[in-house]
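Shared between the two complexes below is chain A, which has chain B as its partner in the first and chain C in the second.
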Partner chain A sequence: MLMALVRRLTLSFLILFMVAVFVFVATEVLPGDAIDVYLSADDLAVMSDADIEEMRQRFGLDRPAWVRFWEWFSGAIFGDLGKTLIDGNDIVDLIWHPLLNSVILGAIITAFTLPTAFIIGSITGYKRGSRTDGAVSTLTLVGYSIPDFVIGNVLIILFAVWLAFFPAVILVFSNASTSELLAVSLLPALTVIIGHVAHQSRLLRAGFIETMNSEFVERARLSGLPEKWVVFRHALPASIIPMLNSLALYISGLLAGLVVVERVFGYPGLGRELIEAVARREVNVVQGITFWSASFIIFMNLLADFAIIALDPRVRSAKSA
Partner chain B sequence: MSEATTWNRIQSSPGTMVGIAIVLLHATVAFLAPWIAPYEATSIVGFPMLPIGTPDFLLGTDNIGRDYLSRLMMGGRTSMFVALVAISGSMAGASFLAISAAYLGGHYDDFVMRIVDTMLAIPGILFVALIVTGFGRSEAVLIFAIGFSYMPGAIRVIRSHALTIVPLGYVQAARLRGMSVFRIFLRELLPNCIEIITVEFALRMSSSILAVSALSFLGLGISPPTPDWGLMIAEAVKTIYAAPMLVLLPSLLISTLVVGLNLASDGLANAMGLDAARGLN
Partner chain C sequence: MERFRKFNRRDVLIGSGAIALTASTIDGSFINHAAAASPKQGGKLVYVGIMNSKHKSPEKAMHPYTGIEVRTNVTYDRLTWVDEDLGVQPQLATGWRAVEEDQTVWEVDIRQGVKFHDGRDMTTNDVVASYNMHRDPKLGTSFSKKLLESVEKVGPDKIRFHLTSPNSELPWWMAEYRQAIMPADDLDKMGYSGNGTGPFKFADIDVGRRVIYEANENYWDEGPYLEQLEVVTASGADPANAYLSGQIDAILQADPAIVGYLGSRDDTEISTAKSGDQILMVLPKYEGSVFADVRVREALSLALDREAIVRIAYGGYGWASNDSHMHAASPDFLPRKPLRDVAKAKKLLAEAGYPNGIELPTFHYAPYTPELGRVFQVAAESVKEAGITMPIEEHPLSGYRKWRVEDKEKTRKHRFAMGPVGSRNSAANLYRMARPTYNESGYWHPSAEGDEYIALYKKAMLTGDTAERNAIYQEMQRLLQREVPGVFLTGRKELIVHRNTVHGLNSHAQYWNATFNKVWRD
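Up next is the complex of A and B:
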């Protein structure tokens, strides 16, 4: 079991390193370098080659790629993402408050989504083929088919345009207090929750059905255990495993959802910062956000793997063997 | 499982048939749009913001006076095209890598799977953002980015299916007969993975159409003046108080298309004895 943990840990570090290489190389193979992004055609017209070369040196772009990679990577894992190209601000300072705001929104969504999806998924999975299952499954299919930005805009039309309960666009600064953020995060959270509950409950339903058909549940039943015991003690814990296995996808999906709703509602989060950075072609900022998000996913995946090892005796023995 | 029974099961499921009908309807309109749309979708033909039901402009006009019905008809074409090309390429690449990794095993398999793990750790939307920041917005960039970001998940699913086929008698027999690796791949492995590849294709088609329209909405996808539902919604949001219908109409179309695609692919997966929800990783 200890071996399994160590193996997972080493693998996570390897993947973290590969993500860093990938993110760095992706920006390295781009046509031109940071200078070309930074300078407009007008700037280029008036600047001599020597000027440009001098700037390249100032940005440190004349050094070999692996030196710059190492500098960036060693900074990034210890919380320094470098500076923005245009005004030379610290990237971490720029994204810190938006990041916290997105974490708050993401936490609210997750705290709501996972328990709800768990209940819906296990009930529909248990009553598979029944009328309830049919109706709920159709509803969840429709739920995860409708794009987040459609749900968000429909909510705006309903509550802001027709009923005038809420303002359509949020006007808070990115360093607003938590209580202020909670007040404005209701509709954005609801938007993402609808789609994610639908998706996650389908995953759980599939996992639950698979576990209920598995041999160890059959054995538990045959040995005369009461049905409640079989479901709550044996089937449910095991059916969380597919959910844990797809944790990376849940977080990726959540991130995509956040980017969209932050745009729809003007919520001052990381997603909004990202879209603005893309518009300004701030490669460094996009790079930093991508690397940190990937690191978070790798870390959560590692936790999920540990949880699976603890939950599933089969994995425990297979991995340590 | 034979073709006939799969088709029979699809036919006996009303949800699946509804899904297929919706998708066919969307595909037909999208295909015929250049001929049946009443106006040129990108040209200004009337007063701006005409309401629904105006004579000559059945669904009114948008904020600069382009015919909304024509734009709605044309609005699904680009995202459907982008998704189709991206996912076709993506599935072809994924199938090749997944099946060869499963068959060859060893360091090659390890290498492919570590790349897959790496790609899966990078959220799709950030990957696309990174590519678009560097290369700018164009359909080619979008196709590449979408296709690439859907590969790792598909590789995982197809590989785990292929792993169950590799040890089977007929594959081993083919190997012992001295059949070349290439022929074993083409004659024995690929045909037996075709069902799972089809389901993956269908599932990822609907999810990539969602992705393309979301990216267009965010300003990372298809660029104006191309008529596109995601873009049209982003545009219409500016006048949401005055004309909520301009937001609701494209929303309705994109939603029905994805619901149709998901109903169809869900039914297809069930008919083949696979669970669609499990295929989504």
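Up next is the complex of A and C:
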């Protein structure tokens, strides 16, 4: 078990390194750099090439790419994400509030998504083939198929522009209190929830149907256990396993959804910060955000593994064997 | 039910970001201006504004070089202000004059009785210190570093500028957005406190996203009437959505594509400037380039249907350029006549050896503003009538400038591509074609015509008389229209969309010179 944990952690570190390299290379191959974005047409009208080159040297952008990467990565593994290229601000300070804001939004989404998906998935799975199952399955298929940015814009038009119930753009400060954020987060949260509930409920439905057809459920029924007991004690826990298996996918999907929804609504979270950093070509900020996001996904994946071991006797017995 | 009836297909287009499609419906008939009425005190204005979101530093958020929304006259004042007709008006200066005939030494009278936001009196020492910062080799702005030799106090209310070269338009230069007056301090500490003399003072900031200002009760000029001013950043469809949902009261630098629709609403007015930023087609003139031949350059300019571009791509909220950096709001602007002459374009091409038309190299542009794709599509279509084929290609904004001008120092070879041009005073505008090493002219220099142009520019900088200088500027523009070192296509008019309960908010060709002290609301 210990060896497996060490192996898993080593692999996680390798994945993180590869993610960091990939993101750095991806941003490096783009044309231009932070200086190109920083200088306005007005600046360029009075600056010579020598002025621009001097500026590039001042910000350390003339150094080889691998030197800049290693300088950043060697700090990042110890929690120091470095400083922004243009302003020299501490990146952890810069992304701390957006991170908290995204965690709040992500928590709201998850708090609604998982129970709702659980209820819908188990009901439709139990009533497989019924009218309810057909109708809900169609709706979830539609919900799953529509991209988040489309849902977000439709919600804006309906509830902000047309009915004026909610703000179209989130104008709270980055360091807004939780209550302020909660007051304006309904539309952004709903945007992501629709797609995720649809996806997760379909996973649970499939898992539930498979479990209900399994031998151990058949055996439980034949042994005379009440149907409720069979469903809640035996079938449902086993049906959650496909959901847990896809937890890493859920988390990465959630993060991707947050990037989109934060851009659509102007929500002051990590996703919006990432998009702005890409636009400003602040490579260190982009690296920092993706590094933290990848770390989070890997950590959640590890948690999911442990949860599966705890829930699935087959996996438990295979491990102990 | 009223809301229900107003929901239509256009709402969907706005909300989904497909705002460009509405451009064709705009006919400019919505332009309206607030009726004169007595200003009322109080209230708050929230607007989407011109924010510098490149910096994410709290320390730099209030600095006049790097701060957000300091380009408009909100927190800081300059010595002068350029009005909507591009005339120079006094701000913290009350008068100015060149004391040397060669326009290299200027005296400026400084306004008395002005207070900074913290209650300190503004003095000539503060003005001298501010300009010492502006010209400092490490801290200052490129323009000030090049132009300003020294600044000195010559009396309790008078300072003197010593310039590195003659400049008869110094008063306009003093109105540039970075030339803010700040309290004297160590030069490297100046500007970070946000302490200016402007009509509003900083109250709260979310760096790069949102600023809240409060009225400066000690403001030296009229107003401010508003108690609070708030500016937010938003892009794409967000400004229109925020406006439609009632979150904001105004949009500065509004996209022409959304203006027609928003302007059709009963609660909305549009303030339109005479001009705004324009676009330049940089023509490479190295040996072997088709643009080395002036006849091809002129043919291209004459073949372009600028009026169609203004009508279609800008929805009427544009203006036709004149093959110079000058913009239509300027009293020195010389319109190109004729603006279009397809027959002459064909004749010029035939004389240049292209009797059956010409295929130009691919023209590249980057989407600096949303309408540019439309602009060049119409442009490429319009030149076909003269037998000119002009393939166009959009390039990502990131790294565009460097890519456009590559290896210019060695070979002077560069791409046939677009450059953005801001609105400036005549001297600053026309100077841009006088720089021998500057790519915007497509390396027009050295040439006999280029030398003639530089000589005219130098003469203008020595000419204190406005009428005489105007005559020189006209001559310079005629020369540019004859030689066509670059083709200047069209520009957008600066637009402000605002609720009709907001008054005194006027669009300005130089967007950073919009003012808020006289703005009030019902």
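Simple rule for what comes next: the second predicted complex is superposed on the first by the 244 of 321 C-alpha atoms of A that agree within 3 Å, B and C clash if a C-alpha of one lies under 4 Å from a C-alpha of the other, contacts with A are read in each partner's own complex, and residues count from 1 in each chain.
Convention: a contact is a pair of C-beta atoms (placed from the backbone, for glycine too) under 8 Å apart; a residue touches a chain by one contact, two chains touch by 3 or more.
This is a predicted model, so every value here is computed, not measured.
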Next item on the list: Determine, under the contact definition given at the top, whether A:Ile104 touches first (chain B), second (chain C), both, or neither.
Entry: neither
Next item on the list: Would you check which partner chain A:Ile15 touches, where first means chain B only, second means chain C only, and both and neither mean what they say?
Entry: first
Check: Of the two partner chains, chain B (first) and chain C (second), which one does A:Val23 touch, if any: first, second, both, or neither?
Finding: first
Item checked: Touching partner for A:Glu276 - first (chain B), second (chain C), both, neither -> second
Item checked: Residues of chain A touched, compared between chain B and chain C (which is higher) -> B
Check: Is A:Leu94 touching the first partner chain B, the second partner chain C, both, or neither of them?
Finding: second
Next item on the list: Check whether A:Asn301 is in contact with chain B, with chain C, with both or with neither, and answer first, second, both or neither.
Entry: first
Check: Which holds for A:Ile157: it touches chain B only (first), chain C only (second), both, or neither?
Finding: both
Next item on the list: Enumerate the residues of chain A that count as touching chain B in its complex and touching chain C in the other.
Entry: 30-31, 150, 153-154, 156-157, 161-162, 168, 279, 281
Notebook entry, point to check: In their complex, what parts of chain B are in touch with chain A?
Noted result: 15, 114-115, 117-127, 129-135, 153, 206, 210-211, 213-214, 217-220, 230, 233, 237, 240-241, 244, 247-248, 251, 254-255, 258-259, 261-263, 266, 275, 277-278, 280-281
Notebook entry, point to check: In the complex of these two chains, what residues of chain C are touching chain A?
Noted result: 3-4, 6-7, 11-12, 14-17, 53-60, 142-143, 146, 204, 206-210, 232, 234, 237-238, 241-242, 244-247, 396, 398-403, 409, 419-422, 432, 437, 440
Checklist line | chain A residues touching chain B - in the complex, by the definition given at the top | finding: 11, 14-16, 18-19, 22-23, 26-27, 30-31, 138, 141-142, 144-150, 153-154, 156-157, 161-162, 168, 199, 202-203, 205-206, 209-210, 242, 245-246, 248-249, 251-252, 255-256, 259-260, 263-264, 274-275, 277-279, 281-283, 286-287, 289-290, 293-294, 297-298, 301
Notebook entry, point to check: So in the complex, which bits of chain A are touching chain C?
Noted result: 30-33, 36-39, 41-49, 51, 84, 86-89, 94, 150, 153-154, 156-157, 160-164, 166-169, 171, 173-175, 266, 268, 276, 279-281
